[in-house]
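Please read the structure below before turning to the comments.
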Amino acid sequence: MDIATVIGLFLGFALVIGSILIGGGGLGPFINVPSLMITVGGSFAALLINFPLAKVLGVASVVKKCFTVALPSTAEVIERFMNLSTIVRRDGLLALENEFDSIDDEFLKRGLEMVVGGSSREELTSILEIEVAYIEQRHQNGKKIIDATAAAAPAFGMIGTLIGLVQMLRTLDDPSQIGVGMATALLTTLYGAVIANLVCIPLAGKLEARSQEEVLIRELMIAGMGALVEGHPPRIVQERLVAFLAPAHRPEPETTAAAA
Amino acid sequence: MDIATVIGLFLGFALVIGSILIGGGGLGPFINVPSLMITVGGSFAALLINFPLAKVLGVASVVKKCFTVALPSTAEVIERFMNLSTIVRRDGLLALENEFDSIDDEFLKRGLEMVVGGSSREELTSILEIEVAYIEQRHQNGKKIIDATAAAAPAFGMIGTLIGLVQMLRTLDDPSQIGVGMATALLTTLYGAVIANLVCIPLAGKLEARSQEEVLIRELMIAGMGALVEGHPPRIVQERLVAFLAPAHRPEPETTAAAA
Amino acid sequence: MDIATVIGLFLGFALVIGSILIGGGGLGPFINVPSLMITVGGSFAALLINFPLAKVLGVASVVKKCFTVALPSTAEVIERFMNLSTIVRRDGLLALENEFDSIDDEFLKRGLEMVVGGSSREELTSILEIEVAYIEQRHQNGKKIIDATAAAAPAFGMIGTLIGLVQMLRTLDDPSQIGVGMATALLTTLYGAVIANLVCIPLAGKLEARSQEEVLIRELMIAGMGALVEGHPPRIVQERLVAFLAPAHRPEPETTAAAA
Amino acid sequence: MDIATVIGLFLGFALVIGSILIGGGGLGPFINVPSLMITVGGSFAALLINFPLAKVLGVASVVKKCFTVALPSTAEVIERFMNLSTIVRRDGLLALENEFDSIDDEFLKRGLEMVVGGSSREELTSILEIEVAYIEQRHQNGKKIIDATAAAAPAFGMIGTLIGLVQMLRTLDDPSQIGVGMATALLTTLYGAVIANLVCIPLAGKLEARSQEEVLIRELMIAGMGALVEGHPPRIVQERLVAFLAPAHRPEPETTAAAA
Amino acid sequence: MDIATVIGLFLGFALVIGSILIGGGGLGPFINVPSLMITVGGSFAALLINFPLAKVLGVASVVKKCFTVALPSTAEVIERFMNLSTIVRRDGLLALENEFDSIDDEFLKRGLEMVVGGSSREELTSILEIEVAYIEQRHQNGKKIIDATAAAAPAFGMIGTLIGLVQMLRTLDDPSQIGVGMATALLTTLYGAVIANLVCIPLAGKLEARSQEEVLIRELMIAGMGALVEGHPPRIVQERLVAFLAPAHRPEPETTAAAA
């Protein structure tokens, strides 16, 4: 679980709700189903027009990446490939097949099947790089939909507020209702602002960071599989993979020597 | 029919109208012909100044693409070219002429005529690629006009509201009219916001997605015709065309074997 | 005359004025010389500071292009060059001199003088291409000034409104004047919005379209003159020039055969 | 003196002040030292944080370029180099030393010293081009600071208005002060808008135009010095330099022949 | 200490507070803990969602660069390398080890260890350039977080104001509270504007300037170490390093001769 995303969302909503409760009058006046309907529903309608249906429905699985940590860390990937290279040097490439059961990652499994199947390093790299490009593109599509929502929600919030204002202004003769009418009209603007600034804009940012992270892990795996095909010893495999990391993330020489 | 566009527009307007009806007072106060005139008419006037007349009049045919699905799917295109390649290998290139009646797509028909007429693969590709570039440009022009409308509508909405406010402010001495005057003044802003956010911005997005989709289908057709000219067997034709697709959209090996 | 620009401006102002008249109270309250002074004059002052004096004064001649159609159509250019090539093949390059009187276009005349004077195709092309680049740059400069006006007018409109609001707010004790004062204050914002959205933004768009159109015509002329120098027959001249046009604008084979 | 900048600033402020005087109540209510303090002082504080101290202090000398015309015109530069080339051909390169006293321009003097000192054309060009790049960069830095001010001034104007509004709203019980309080609160917004739209944005534009102009003049000088080193006759020097100018700015053949 | 950053922040806050005190009513009404909570806390929550946890926590160390001057000046770097080259020519590369104790800068120390260790100039350069790229990337990441805060703070300020307005509008029946409620509601907008315009936007600018400055110093060091490896005399080392500086920052010939 990406604890920062969860804490951030929890903290943000806690602050918004807390700030409402401190102001007095309770949460009641801030909950209004029709206001939610026009803001959320209107944004969703705009998304349906804007994007192919399949992409709108698929955005949830992309957003899930902002909350879950399905990927191994770079250290784990490097260690795994050092182990795999030990196996390959001891028992040959075919021995990798025994490892398949312990691998959950689809991308890694497919790659290793190609390694066992005798693909050359060039073949392996070119096919897997295309796959990485498609993974990146799917993330970009997801980000585009979230960005569009971040723009649509405040717009439909404003549309809702305009509708509320027009209705309130036509009944000015009942002064007791002016304040309540205007307060309700402003709710959609508030909803739109919260959806955009507390949910969509930050999630789009996290999605981009996650995408870069996944691409790095995938590149690391491709480099590792290339090294397996060429039959390098664990030490060389480690060296090659470590070169992908920022200096601050590189393991200390002693530690990795022990791990090796 | 692109069901998502239609559902999105229907849902969006239903939500806007529903939210008006829930607020009470009926739709009446929200319908105002002069307000519509200044917002829609003013935007149209700005478009006339902004773009060559022919392009403004031609935008409807481009927008239609957001609602209709005139293009075959990638799977249909691949299957068709596998069939055509079977015919070519069995009866020669000239036998393609018998297929012309069953082809609705103008682009495909023109290309196949060139194939039958003996064009080389290079000639065919270079001429059809130019045509694809012009198709893309026409879509871009359409998108530019919709983008300009998305910017003009809220601007003329604001102009209408300013006119209404000035008129309302000059008759402050009749307090009973203040609310109604201001409500009417706000209508143009509401119209402008709905036109931009529920219609133009999402349609421009869909148009771009559709344009990319059409370009992909056209590229697929060009590759297919190139393969016909070179007389490849159906299996090779399929392989070449499948390479254009994202992995997730590639047919399962078994299925396509059956289709072939 | 570019009828779309004229109709658009006429329609736009008719809608704005019509919408004022329908609202009641006549045009009177919307005409205010000091308000016009601060919005238009302030924008002009900002332009004077922003751009070299010569460019501000020269913008009128660039804007004129949005209203007039001084350029021949592509069909006319192609036909003219087919005729010229007939003359060249019949009577030699020098015979082109007799045609000079019937040519109004300065660019074309200068180029033909170089053709008659014996310039090579390379010389001709390189000199005229530089001239086209300068034409394009002048249009870009014009567009930059119009864009700057589109940004300055609403800003000075807001400055005018702020001045009016401050004055109105200091005389709140005379309630009968509040509405009128505020209405007048809003006029500058209205003027700024109309100048930007009905005049400047659309004109900048049309200017860009016109610039692209002129560049296309000039490129067509350069290609035509190159073909004259090389002494090609009319049919080849036509073929070369037609290649510049989008397929939809290409003449039907039969028609042009007749025209030739 | 760049008369357009001066006229523009004078005209702009005259219009703003005139529009205040026409509105009645005199200039008094529009002059408020604390309001000026927060808008101008706040923007200056933001600049101090944003940019290295030396650059903030150096911006004045860059802005001065918007008001003064220290550079010779292109015609003067061309004529000067034609004269210098006459001297070089008659008396040799060393004779240029006698001209140094009559040259004010530092850039030109440094270059000619290198010419006299025997630098090759390549050396000269590479060293002077680096200097031109640094001149351009200094202008860009100046423009960045003015752009930052154009963004900061309205922001601090808004901060000042918010402070004023909060104070006015807490003393609503004295209705006679509401208008005056709000009027004063709006002053900072007005100051910010005037600073940004009448001063900073146009000056940034003029600075860019001036920068391009200076770079052109410097390039002209570099080309001229290169021609001196190679000992070309005045006519060739002129030809080379004229090639830098837009056709409309090129001298008439006859005139320059006379000048030569 | 970067005195400009400190003075700017001090001046900015002094002006804001001074402007509050001049307006009367004291600072009291402008201090409101819940308002601060929603603006600052909400922005922080959005950052937590937007960025990986480690980067949010690490931003402080990046921001510190805007306040401290940890880097030697270019003149100091040049002088140091001239001294080091004297040592190398006199006592050989190994003699550099005696200098390590007097070097605080980690980057320089690591590089000199490589020099002593016998790295070639190419090795040294390629490894240290990668490190510089990572330094730059860390600064960019820091700037991205500050930019995101500059966008989030006004947004959460608006959310807080909307909440306050809704609460105030629902209690219109107690007129004495309207002003106070609205004043409090506006505080979050004020906080957001101050955080963005007085803190975040200028700090992001300074961070970028500092980043460019550090990269220049690091490049200077890399060039200096390269010159050490190649055993150049102090004069050549100086010449090479001076070439990195803008002409205005280059030391006077005499002075540096003395320093050498």
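For clarity, chains are labelled A, B, C, D and E in written order, and residue numbers in each chain start from 1.
Note that a contact is a pair of C-beta atoms (placed from the backbone, for glycine too) under 8 Å apart; a residue touches a chain by one contact, two chains touch by 3 or more.
Everything numeric in this text was worked out from a predicted model, so none of it was measured.
Enquirer: By that same contact rule, can you tell me which chains touch subunit D and subunit E alike?
Expert: Common contact partners of subunit D and subunit E, which must touch each of the two, are absent.
Enquirer: Compute the shortest path length in steps from subunit C to subunit D over the network of touching chains.
Expert: Graph distance in the chain contact network comes out at 1.
Enquirer: Can you compute the centre-to-centre distance for subunit C and subunit E, using the mean CA position of each chain? Integer Å is fine.
Expert: 47
Enquirer: Roughly how far is subunit B from subunit C, going centre to centre by Cα mean, in whole Å?
Expert: It comes to 29 Å between the two C-alpha centres.
Enquirer: Considering subunit C alone, which of its residues make contact with at least two other chains?
Expert: Touching at least two other chains: none.
Enquirer: List the residues on subunit B that touch subunit A in their complex, please.
Expert: 3-5, 7-9, 11-12, 15-16, 18-20, 22-25, 29-30, 66, 176, 178-180, 182-183, 186-187, 189-190, 193-194, 196-198, 201-203, 205-206, 209, 213, 246-248
Enquirer: Would you tell me which residues of subunit C are touching subunit D in their complex?
Expert: For subunit C paired with subunit D, touching residues are 34, 37-38, 41-42, 44-53, 56, 130-131, 134, 137, 148, 151-152, 155-156, 158-160, 162-167, 169-173.
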